[in-house]
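Below, chain A partners chain B and then partners chain C, in two separate complexes.
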Partner chain A sequence: MKNSKRSSGDSTAPRIGVFVCNCGINIAGFVDTKEVAEYAKTLPNVVFVRENLYSCSEAGIRDIKQAIIENKLERVVVAACTPRTHEPTFRAACEEAGVNPYYFEFVNIREHCSWVHKDSRDDATEKAKDLIRMGVARAAYLEPMEPIIGDVTKKALVIGGGVSGMTAALELGSRGFDVVLVEKDKALGGLLRALDEIYPWGNKASTYLKQLVESTKTNTHIEVLTSTEVTDVTGYVGNYDVKLSTLEEPIRVGVIIVATGAVPLVPEGAYGYDARSKISMYELEVMLKQGKSPGKRVVMIGCAGVRSNERLYCSRICCMTAIKNALLLRKRYKAQVTVLYRDLMCYGTRNEEILAEAKKAGVRFINFSDEEPPLVEKEAVKVKGAILGREISLPYDKVVLTSALSPAPTNESLSRMLKVPLDEYGFFLEAHVKLRPLDFATDGIFVCGTSRWPATITECLEQSIGAASRASTFLATGSAKVEPIVSVIDPEKCRGCGLCVAVCPYGGIELVETDQGIKARTIEVACKGCGTCGATCYRGAITMRHYTNEQLVAQIKAAFAKV
Partner chain B sequence: MLDAGRHPKIRILAYSEVEGLKGRDGNFEIKIRRKARYVKEDVCNACGMCVTKCPGRALDAFDMGLRKRTAIYLYFSQGIPAVMTIDPEHCIYFTKGRCRTCEKVCDKGAIDFEMKARVETYPVNAVILATGLDILDPSHLTHYGYGKLKNVITGLQYERLINATGPTGGHLERPSDGKLAKKVAYVQCVGSRDLNNCAYCSSVCCMYSIKDAMLAREHDPESDSYIFHTDLRNVGKWFQKYEKRAREEYGVNFIRGRVAQIEEDEECNPIVWYEDTRLQEVKALKVEMVVLATAATPAKGARGLARLLGVRTDPYGFIQTKPDEPADTSRPGIFACGFCKGPCDIPEAVSQASAAAERVAAFISQTAGV
Partner chain C sequence: MCSGRVDPLMVAEAFAAGSDGVFIGACKRGECHYSTGNLHAEARVELLKHVLEAAGLSPERVVLRMMSSAEGNKFVEFTTEFQRVITELGPLGQAEGMDRTTLAIKLSAIREALGGRKLRWVVGKVVEFKNNGNLYGERFTDHEIKRLLQEVGMDEVRIREIIERLKDKPKSVKQLSEEINAPSRVILRQMADLRRMGLADIASVDGRTPIWQLKVDARYE
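Let's turn to the complex of A and B:
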């Protein structure tokens, strides 16, 4: 690990440039940006001010870089939108113009100003001035920093040996990266082992599974550990030490892919479920695989146990599973199948085609409304057809409850060990639901398949191949670059009590023996700079780089300064 | 976008089209036609002086034809690369033989009327197709009245109307009279799930219509929204929660039924005729604007591109991939992700993009040295 350079902030009189962004009219529509820019010129140390239509556009960036060089700027303040999306852009612009990227200060006058004060232009303008004054004050005290670069152990751990886990392992293995694949069950395969035919592939799940398991086992880069569970995880991106139930010594890996899958929900309490004449779709799947007929008259009921207040999610794949099995029952046993549904989730091209095929094959579809669910009686299912507008009675041999996938019960303990979050239902929660679907916020840990959200097999493959790609970015370079915004512990003040170690959510602090006794030490690659340790330390021994006391005090003073 | 634009390993060839591909086994030569912008990319700094003086006018495609742009233009303000382009079909010099005003006002000397399209060849190891989608022009679906009734617009036009940088500055001004639309109907499955048009489900319309309706409410708490739908296919992460919020916190009205006909009254207020399938009644609802959730189709030209590259497409023109090899096309070395291989939402497209990148990496490591 390379230690970052630090030098004390030169706050004597840095040359500060301020760029006020209009963000089209997102800001300029509600804030008088001209007035704000004029005001910025009056602030201490500010030697250059410019207004941009879009600071983040290529032209805007070019403009900022040029201004830095021409005016010999030493600190750059951009008053624009959110650091969440654009801080890296502006930091890079500073760096490309020869200014340390951490000499950049972002002031948010969109989310924190124009968007929340749309009704009052004058007040919004005043607030923008206040925020910029604070930003400029802090900028004077910023310190240059270098990114922290850590080594990466060129080995991956894949947790879960279902279709997603095996696919991710195979992708990495085929590129020559070593993989340890752990599966808590005796055999690889996960849920796929229970399935009969898979649509729209038109082949047997067992044939596909056999191939996949064979390739996984014979890949020389993949070590498969079955009947094995993860019992403890320490470390950080590049160097995770993982204890496994079947190995004495922990293994060290650089990256981790979570592919632990989901479990079929047992629809206890729904529509008289009894696992005999009223079974779950999963149980039907098992029957089909064993070649058993469920009888001539089958009624399937959708959304059993989901899309309710208790489980407010749609499990995405159940409608298609029902339609697939309805078709199989027609073809194999000439059964009379009725599918009762709320909404048929046949999104995309192929799903819609299979729905059409099922209708043509004589599967009956009856819509019911959320308010009037079907009533399962001893001999027949009574349902008010919501489109027909009348009640229908459907005699049955089997009622099949199209139940959902539900998060694996082991998710909770695993999420604690990995220090990654779950959503409110218990599925793993990715870094960004839209833009970073396969990453966790914690570096070096990735997610794919149904442990993240219900998905079809094809979607699981896309995600697991994608997660392999994400993980390989660390494995291929052999190094991890992280933000230098980390905690700094003053060994003079530290008493080695270990409170900070206990509260750190990222495992980013350790206690070490030194000549002065036991002291806390930051593991810079693991630290996320959240500041929890600093707030906990009663000795005041911990400060945060880039959020030093003097930087924050300057900012606070400026907030209340009458200018 | 800017990240891609600034990445040292990425070279962006915008305003360019693929003309051919030769080779195999990871040794390809791709021919790319660089269309003539009539503006030098390395000189123009998009200062916009030319735009203030250009007398030529054309409908602005980025704003879905809701306003006009000049003949020399920036496709959109955050576009990469940020350089101007002259549209020769509407440029006064190209059509009438004189003007060249832009050339006179450009102090960088970036204008080049003599510029010619040129074909360049690049050696590549693999190709990823990510050509996205277009929307179906619903004009031929005459019962919706699009193109005839002024206040019937498409979902993408609505996106521009409600966008702060759009033609109305984010105000829902309806096209006929500029009045703020307070009562808006959103019609689902326009051309989708329709055997005479696109038999498939476009997958994203239910969610974006709900979003559109919620946005309208955020802009104007007095506004009313009506979503006409059949199956509401909100299957992604947190989508059901989102739908519930729309119903309970935003008061969005959901009506189950396909719209049969849209007419208008003398004030250009659309009248939506539909069967409420919950009540089995034919009804009419007068609104102030209608937004059509038009079917999403493969991008124009995607089929031609597929033929050029020798990759198979499905009956609808989407790039065909196998269910067990979802990022691989029928031709080794050519991969695909996103809407070009079938309807998908953003997180799916992002996952697929990572998958395609992975397959390329694996393909190159296997074919290296061939």
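Let's turn to the complex of A and C:
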């Protein structure tokens, strides 16, 4: 890996400006920002240094823009917080001041320095200097780029015909976008078909479902394909070619929404589950829907089969389902209901109200510790109340195991086809839990409902409306703007061996026939910029833009080159 | 930046620049933000460890640890451990009983090996071989992969070091074997390989000992 000063060919050294943010006392309280700023002045190519109280504030941005113009800055380094939140802000500032946004380099001296080295001001300060030196070194090698724009087929695919999928399809259909809705079962509805009453408002699931299916089927923009599964997906944002089990020809869509839902866990092996006198909450729902009473004495046991070594996660919604059904049994059958719980997950004001209502109506809630779980015997459940501190015996007609939603078994194959990740439990993993909760890292593919994580129906609705809205941004504009952080392959060096094609997780590189023989070529809109190809090529033919060898090696060398 | 972007050559650059250890943080298995970048990084680090070892440097100097962005405690645990191990090892080369010249030759052999065609092909195929199998659908076990990387890594580093050491002047197998600290039968086999590849030949015979030289236009990709 050789270091050529600047690949663009001009000989003048770039004029670099460094802005050191105090972030109020967030950074300045733990890092000597004055010293850091003074140090930055000594770094190569740095012609301007300024400390800001808050770089991201309006005044801070104005200051940066002005400094760029007045000092004819060509590269901008901001040492502040995380690129996750403010990189777009500073890039925009650069652009407005006439500097290409990709000439901007972010150095994180808050999370990486002041926050983690709170107890050692000197070390935090030294590390801030190191990081800025590395950032400045990289900045000299940055290259200007323009965003990539691709066409988008104005049609969406929604996978899964449950409440989430139908809602998402309806949202898109009502905006006039064509939607193909595929459902692997014979009928639409998903889990909703088995449910009786829906909390928090106690309306009938069947009535709601009937309306939803009716509107879905009658919407002229929605094509419903039941008993259909996705068998293959190729392409990229704007142009996905999807093979379906019931169609001979693949369909082309611009965006894809994953709404495949989850499956109720069968709590096999938990508390003597036998599907007769010890049933799951899902089985109770089915009974209630059929109008069958589970008996006069019901004991519900929480966290059956979850929050254990086998399944670490909390399924979030089961406590509330238990509370809802306990209250329902109390009201409908005057049953004596006891809810045994480890912790009670019952978020939101309305849900808290139902809990209070259930307590008032005479549902008993008994807390147990996970060291001493209830013992289900032939006639009675024995439990040591964590608060009471003594054992209680509860005779029962039915034991209901409040069990979780678990990931659909089809998630794995679908995640491979779509090239999107699953989390450690097998649920679909969004791009970012807070900042991009309904997107996948792959552009043009979205996720909603319980395929992402156990969720209430209300949450499923919110998410599917949200996902449809995210998808609409592509469908409405008809074009997809993609970050130009993609790989570029030099055909002179490339021998067309295809190793990069094999390692690319996104199908983002293709082999093409050229006058000089077979060559690899990046499909820019499909490339996500992971750089795996660049780290693989033995010909040095692949440049990973914005993370080039020159930039990264300059940074590595600077790390060990104390001035 | 995805751990999949970490070219093994960059790790070699870091050692050459004066680093005593390199820590690579990656997403957890199956949770990679870029799908499989972490698996490629994992394979490359395994190769790096074998290559370092083959060059007589401690394989503990390069570490890959997987964690999610929500696992700050794990990060602290991993980096503290890394810091402890590297501090205990001491400075690169010196701790392994190498003088500066030897270290420089070793590092340059490592760099050549990691940038070379053979190792990059082998390590580039690991993820595919482990998960989907080769052309015949045969999946490789972790153990098989380990042996493969170890053998090829060792071979490559040695061959690169022979080339490095033949650059200044022609040498006999015995000389090379002493300089490299490897059995002469191994060096002899590799000299035969180099000759077959058209990279080296016998310059002269000293008594009954052949003296090997690099060919002028030799380029081992």
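Definition applied: the second predicted complex is superposed on the first by the 499 of 563 C-alpha atoms of A that agree within 3 Å, B and C clash if a C-alpha of one lies under 4 Å from a C-alpha of the other, contacts with A are read in each partner's own complex, and residues count from 1 in each chain.
Operating definition for what follows: contacts are C-beta pairs under 8 Å (C-beta built on N, C-alpha and C of every residue); 3 or more make two chains touch, one makes a residue touch a chain.
As the structure is a prediction and not an experimental result, all values here were calculated from the model.
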First, second, both or neither for A:Tyr538, with chain B first and chain C second: second
Touching partner for A:Leu438 - first (chain B), second (chain C), both, neither: first
Partner chain(s) touched by A:Glu462 [first = chain B, second = chain C, both, neither]: first
Touch count on chain A, higher of chain B and chain C: B
Touched partner set for A:Asn26, first chain B, second chain C, both or neither: first
Chain B versus chain C as contact partner of A:Pro88, first or second or both or neither: first
Touched partner set for A:Arg175, first chain B, second chain C, both or neither: first
Chain A residues contacted in one complex by chain B, in the other by chain C: 423
List of chain A residues in touch with chain B within their complex: 24-26, 29, 53-54, 56-59, 61-62, 88-89, 92, 171, 174-176, 198, 200-201, 208, 307, 312-314, 316, 343-353, 356, 367, 369, 386-387, 389, 423, 427, 433-438, 452-453, 457-459, 461-463, 465-470, 472, 476
Of all residues in chain A, those that touch chain C in their complex: 1, 419-424, 429, 431, 441, 499, 502-503, 505-506, 528-532, 534-538, 540, 544, 547, 549, 552-553, 556-557, 559-561
In the complex with chain A, residue positions of chain B that touch it: 2-3, 5-6, 45-47, 77-82, 164-165, 169-170, 193, 199-201, 203, 231-241, 244, 256, 277-280, 314, 316, 318, 323-327, 342-344, 346-348, 350-355, 357-359, 361-362, 365-366
Residues of chain C defined as touching chain A within the complex: 1-2, 4-10, 13-14, 17-19, 28, 30-37, 40, 44, 115-117, 120-121, 124-125, 127-128, 221
